[in-house]
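In what follows, a structure is listed as structure tokens, so that the remarks can point back to it.
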Amino acid sequence: MTSSTLRHTVWILRGNPVTAVAAAGAFILCVLAVIGPWIVPFDPIASDVANALQPPSAKYWAGTDQLGRDVFSRLIVAARLDLAIAASAVSLSFVLGAVVGALCGYTGGRLDRYVGRFVDVLMAFPLFVLAMAMVAALGNRVENIVIATAIINLPFYIRFARAEVNVRRNAGWVEAARASGDSHVSVVLRFLLPNVLPAMAVQVSLNLGWAILNAAGLSFIGLGVSAPTPEWGIMVAEGARFISTGKWWLVAFPGLALMLTVLCFNLLGDGLRDILDPRMRT
Amino acid sequence: MSQLSTTAKRAGWRFASSLPALFGVLVFTFLLMRVLPGDPAVFFASGPSAGKEEIEMIRKQMGLDKPVPEQLLRYLGDIGSGNLGRSLTTGQPVLADLKSRLPASLELTFSALLIALLTAIPLGVAAALRQGSWVDHLVRFICALGVCVPTFVSGLLLIYAFYYLLGLAPDPTGRVDIFTSLPPRATGFLLIDFALAGDWEGWRAAAAQLVLPAMTMALFVVAPLARITRAAMLASLGSDFVRTARSLGLPPRKVIVTYALRNALLPVLTIAGIVFSTMLGANVLVEKVFSWPGVASYALDALLSSDYAPVQGFVLLMASIFVVVNLTVDVLYGIADPRVSVE
Amino acid sequence: MTPPQSLPLLAIDDLHVTFSTRRGLVEAVRGVSFSVAAGETLGVVGESGSGKSVTAFAVTRLLDASGRVSQGRIRFAGEDITKASSKQLRRLHGAAISMIFQNPRGALNPIRTVGQQIADAIMAHEPISSAEGRARALELLKAVLIREPEKRLDAYPHELSGGMCQRVMIAMAIACAPKLLIADEPTTGLDVTTQKTVMDLLSKITAERGMAMILITHDLGLASRYCQRVCVMEQGKVVEEAQPLALFSAPQHPYTKRLVAASPTATSTIADLAPEALAPSAVSHSPHPEEAAPAAVSKDGLVVSEPPGASFEPKPAASPQDEGSGKTKPAPGTPLLLEVQNLVKRYDRGVVAVNDVSFAIRAGESLGLVGESGSGKSTISRLVCRLIDASEGEILFDGQAIGTLPARDFHRSPLRKDIQIVFQDPTDSLNPRFNAFDCIAHPLRRLLNMKDGAALTARVSECAERAGLPSSLLERFPHQLSGGQKARVGIARAIACRPRLLILDEPTAALDVSVQAVILQLLDRLRREDDLALLFVSHDLNVVRMMCERTVVMQNGQIVEQGESLALFAAPQTEYARTLLEAVLHLGGPTAR
Amino acid sequence: MSILRTAGLVAALLASTALPALAQTRAETLRHVTGAAINTLDPNIPGSTREAFGLSLLTYDRLLSFGKKQLDGKWVFDLDKFQPELAESYTVSPDGLKITFKLRQDAKFHDGTPVTAEDVKWSLDRAVTANVLGKGQLLTGSLTSADQFKVVDAHTFEVTLPKPDKLALANLAVVYPVIFNSKLAKSKATAEDPWALAWLKENTAGSGAYIIESFKPGETTILRRNPDWNRGSADKPAAFKRIITQTIPEAATRANLVEKGDADIAIDLQATDAADLEKKGKLKVISTPQYNAITFVSFNNQMPPFDKLEVRKAIAAALPYEDMFKAALFGRGKPLYGATWADGKAPTGETFPIPQPVKTDLAEAKKLMTAAGFPDGFSTTFSFNVGQAGTAEPMAALLKEALAKIGIKVEIQKLPDAQMSTLINEKKVPFFTEGIVAWLPSMDYFYRNFYIGPIRWNYSSINDEKITEWAQTARFEPDMAKYAALGKELNTRHFELMPQIPLWQPSQDAVMAPSVEGYVYQFHRQIDFRDLSRK
């Protein structure tokens, strides 16, 4: 990132406080994800049934759950797992999708057609049901949730990368690289991909939030991460059972955490789009 | 005329080229279901003796005793003859189940899409017209809020607030209040059927049932629609032809609606098509929360009990709808945008 | 010719336009004053960034949201419209002042028939029924001399050619009989022959209907031919105003002088283009916001722009020149370097881009390839450069058939470094993520296997220097360079490996004339120094005439005519070549018609 | 299909004429909400759901039904007492080998055909001959062959047993041996399907208290009262004119519906909702421990390390029973832990399950682990199925935490229901929780069905000669004292071997409008709507 890009970013952020707040929020989230387990007031896993279902108080900021665990501590600790799931799912589909999509977009031809067919098949699936089926088939462990989320996301990245590369494949600098002795593969990997990445970064940011929600949805129907690991989706799903009895904090706080995180990433993605959109560079 | 015929030709070609994808979906689902570790025969053999015999009986009944390739061939043959198998969960032929449930899902999804479009387009237009102002930021924020709440949470909260606390909404028990008698089935879409029967009280009851789930679903898709509307609107407002229109002194309404918005709606149309298909597949959770007797919740139950036939039928149905929706969007696009037919 | 009346139709007095950008306010128009009389045609000439379009948009108040008139007064028919409300403006637009834009196809609504759009323009000001609107639209289409107007009425813009679109645009602009027509680069992007017919139509219509016109253009030839008076703008100011003949025969202002000199004429030579090294008239100025897109901002925040005088230009060593032109002819016995035989390129669905083309270039020779858009000249440049494979035919380089190695693998060929190319759009031809150094170093690394180190640095600096790019700019990224600087990076990259054949694909098409002049001179000098053979692809006949000994004229993928440039330009043998040549506008007043 | 068409017709009819009438009958209508679905109209079809069983009790009659008794103040079904249904009376021969039923003279099927002994014969033949669920069930009452059933005259019917079997009559009161209209059914039978399985799956041919008005699987079932039915306790038709059963997958929504008075009764609410509604006091909450059900933590006794008795005992000593009971069930149920057995012997033998003398004792658990050769513990998985997540998830979390204290690292596996049953059937799950139910909860029935042989229900895969032998002996032991003695031995043996750890009997919380009366907890854990009436 050159200093002018940096300056541009600062300028955008100043004119765009929402993005600045979102960026700050995302940063705080990442910090929490790293240091969370060391700063929480209670053990997020240790039960204390005597203190179950306490409403929020000075001691338990966000109340306690069915097993008397401190909801606040669980929320903080869950940040790591949630971010990890989202980040790894998204980066998996991102890396695969970018490379495959870029190759397709650049070469066209048979590879493009085959991959296009594959993408068509995937897109024709009801995606959430596909994710469910995959988690059910592979077993509901974290890595499988990641894989399922990544796979249902893949078509979008492939298409996106393909389209982005496709518009650039006939750019002068691509031909210039060929004239400078680069092979097609090298053109794709060293020229096209780096140029496509910023646009994809927007997608990634928007997608992170979606991936978290997807994992939460899987938890809700019982295909999520197993207890007692704290995870927002499953906390919301468990809490949802208590809505009717007025134990609002069980769903409100994890729901809020989920919401704020997704909100952060979405706003950040929007902001990134503005930062990276050359048309905004007036 | 030639435009219509080219559009039709394009649509036909698109349809033909989507058949392999449908076939792929068919085979992939079949295999995926066979990979599921659960044996439906065991699950459904719940008798007290539940011996090997009973399990074998169910396996045979489901054709599971045959090798997988043969099962696949049989399955494909069955589908060819319009037989999607029988659901163990409901005991009905899958085709009949889907037929009776699909209108519910479609009605819900259509309503949700309508609500979403009616919200998103004005929001997106407003944001684009006042780009960079507080309106723009507000719209962005509202949209972001919509997508960051899981549908099952927003659904449950809406029920809690509007049904339980405020009593404004009817009980979330399906498509129509149980004491309202159903109209004669013509289309399966209750709103249409009630209207056809002239039963406006029933229509109101059905509409009231529809509002909350449709809103829950709409909430989630307002964002992408508003976002694309805003972007497309910005692009077309900044385009040369809008400048031309302004330079000719066209009234602002005409500039914004006829020139800018109509052009901006083209990408919205494409996205709306995608949104519709994804919504239809993704409304599992909403259907679950609102006890909506649609196809998605049907598939979910079947999936959890490894009931192959309904899941396969559902996926095939969704894929077909996906194809049909794409086709429709294509045709609409071809009609709306004269440039397409030339390419 | 209408003599200026006492009360001008439009009077602009000390107009200032400012844009708010992230670097604060930028003044794009800095005190412009001129007036247009009823029925008069005024030319506003200037290079990009001179503020000519902004002035036009300020007059019609169609500036972007970020721009506003900060000072000065605009009076139309005696009425001050500087602070007119949007309602008042709406009444003016179309009915009193109309505009015609560059890129006519984009200026028309793609999903509305042209008939509807013309009717829209009428109905904006007159309460008529749509049937009437349609009838009026048809009349207008007839007035702008569109063939089969009844049929075109229901056509969409994409179904019309660029020239026809511009006619439609003109029809819309004159629909409500405005008194003033502002034409902003109305023919840029159109082929030369179309350009001429459109301009002829415009001048006919304005003359017939007694409309005044402001013709905004970068093309001195165009202004000289169609205007009664010309204003030359530079950096937001009018530097000179005169009758065309006077202006171009005896320019007063140094900028005008330089501009006139840089504009190729029927007789000018490369050497003639050599402008006096002139300092820019303003030491520091802000670029025009439109132009600033790739951010002409240096690292330290200072604004950089292509010094119009090309002060970086190392003085070319006095070199032997042929009389009258800057061309060196290779000795007659020089062997053929490139031989193209019966080249055919077919694309899917039976499109034949290049059809049975044969030509040859001797070592050190310069061959021009001219033709209108779609003639296949760019395809040939890519075929020869071995970026794409031919469908049929042979390409011999140095006697070797290089077409046998597929383009996919040609990067491994030892001849790769011998054939290099310079592209049309300097912005598009540089990887946005490479700085200038890496751009130039890239072929050295790949083709000569040079490793990072002093040798590479030295070689890159040398190439940059030869291309007239100061080494201080090597650290910059493309968006921090001006158009001319980017063109120089592209040239430096192409010559880095010391190729024997350099393909130039419209290398100056995207540049201003003054920059074009400098670049053309640079190319000419490099060619002489390195004994380069050039394949010069261009749509600009004057440029080709100056640069090349021999010229090939192409149409629809086929060669129409080829021969010695001097002979060909003096006496074209084919009808097509003659039409092309006739359409070329040369400097001179409207009387030259 | 024909049902759907009929339903459409009925709906159309109702729409035209019966709208005002509908509103008046709200009080005579019972609206029931449930999370599950009815999937067949014939309970005999393999794969039938519990709700389908419940429905069949209303649409069909059997010869007998269970009586009721009070248990801790709650009405529950009585395994040993019978009420006549289609049988007016029955006599058991002194040697216990012959049961003679006198059928009601006035009983008619829904289509008006009188019920005869021929119908009974056909129906019972079908239950033991066809490929139906009844076959497996009825053999637990020594009913295995059509030869055992004999028509004496139009209204007299005789069942012969090879051995006196205590459960023979009880087996005739469960849901499988329902009596079909044999003429109607036979008319729908085909050569490949002589028992009309396909037709009866989607149609009814019964004489029960209710007639199906509309049936939308997984959505709604509407039942209309059969006005001619008089097999109820007071010789009159059932109290409610209409019964509407709706499938509402969200438990919280079900609770809301009942609380708002939109639904009249629900029996599958979450424990937390039931507790909350009980506390609010607006509704009637009848909470009956499911005395024929057990929730336990089970081991695969054949799979190391759970093949070691000490390991099983160590885990039994490490479990935090009280916390689990409180957190998972909110204390709603009957604990099966924490008993004290005076001499280490089971105090009673008439029944199973009985409270076990297990309690949380970590020191003891550690000692046992060392004795088992696992002083440092081991790693294992603990599984439960998604359907039970509501109670099993908190329970599993507590279990994991507690076992960590004695060095056992537990990974929790939440499996989709079908997957869990498959793995259990294949005996591949080492350590898990499950719940079992016995329709006929006699002591020997439990042991025979859940602790013997390589069948699916033998969760612990225990293979103990003594248990097998004693249970088989107990089955045909006519002397109750001897039976109890055997039961004591069995119960003691069960505790000593600790094949699985019974935790509790969860309550069935029937939450209903205060006006609803007559609720009885039934063997199939469904509501028998014929019992209910409105005040």
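Going by the order they are written in, the chains are A, B, C and D; count residues from 1 in each one.
Note that in this section a residue touches a chain if its C-beta (ideal position, glycine included) is under 8 Å from a C-beta of that chain, and two chains touch if they have at least 3 such contacts.
On a predicted model such as this, the values are computed, not experimentally measured, just so you know.
Comparing the chain pairs B-C and A-B, the larger number of C-beta pairs in contact belongs to A-B.
Here the CA centre of subunit B is 50 Å from the CA centre of subunit C. In terms of their C-alpha centroids, the spacing between subunit A and subunit B amounts to 23 Å.
Subunit A and subunit C have centres, each the mean of its CA atoms, that are 46 Å apart. With centres taken as mean Cα positions, subunit D sits 39 Å from subunit B. Each of the following residues of subunit D touches two or more other chains: 252-253, 256, 259, 386-387, 416, 419. Those residues of subunit A in touch with two or more other chains are numbered 15, 136, 139, 221-222, 240, 243-244.
Shared contact sites, meaning residues of subunit B that touch two or more other chains, fall at 36-38, 156, 160, 164, 288, 303-304. Taken together, the touching pairs give a contact graph of some other shape, not a line, ring, star or complete one.
Contacts from subunit D toward subunit A in the complex involve residues 251-253, 255-256, 259, 270, 272-273, 276, 320, 322-323, 326-327, 386-387, 389-390, 393-394, 396-398, 400-401, 411-416, 419. Taken in their complex, subunit C has these residues touching subunit B: 60, 62, 65, 86, 89-95, 98-99, 101, 103, 106-112, 120-121, 124-125, 156, 158-159, 169, 172-173, 175-176.
Those residues of subunit C that touch subunit A in the shared complex are 19, 21-22, 66, 289, 292-293, 295, 297, 299, 382, 385, 387, 408, 411-412, 416-417, 419-421, 423-425, 428-434, 442-443, 446-447, 477, 480, 490, 493-494.
Contacts from subunit A toward subunit D in the complex involve residues 45-47, 49, 52, 66-68, 136, 139-140, 221-223, 226-228, 238, 240-247.
Note for the complex: subunit B touches subunit A at residues 18, 20-22, 24-25, 28-29, 32-33, 35-38, 132, 137, 140-141, 144-145, 147-153, 156-157, 160, 164, 223, 227, 278, 280-282, 284-285, 288, 296, 299-300, 303-304, 311, 314-315, 318-319, 322-323.
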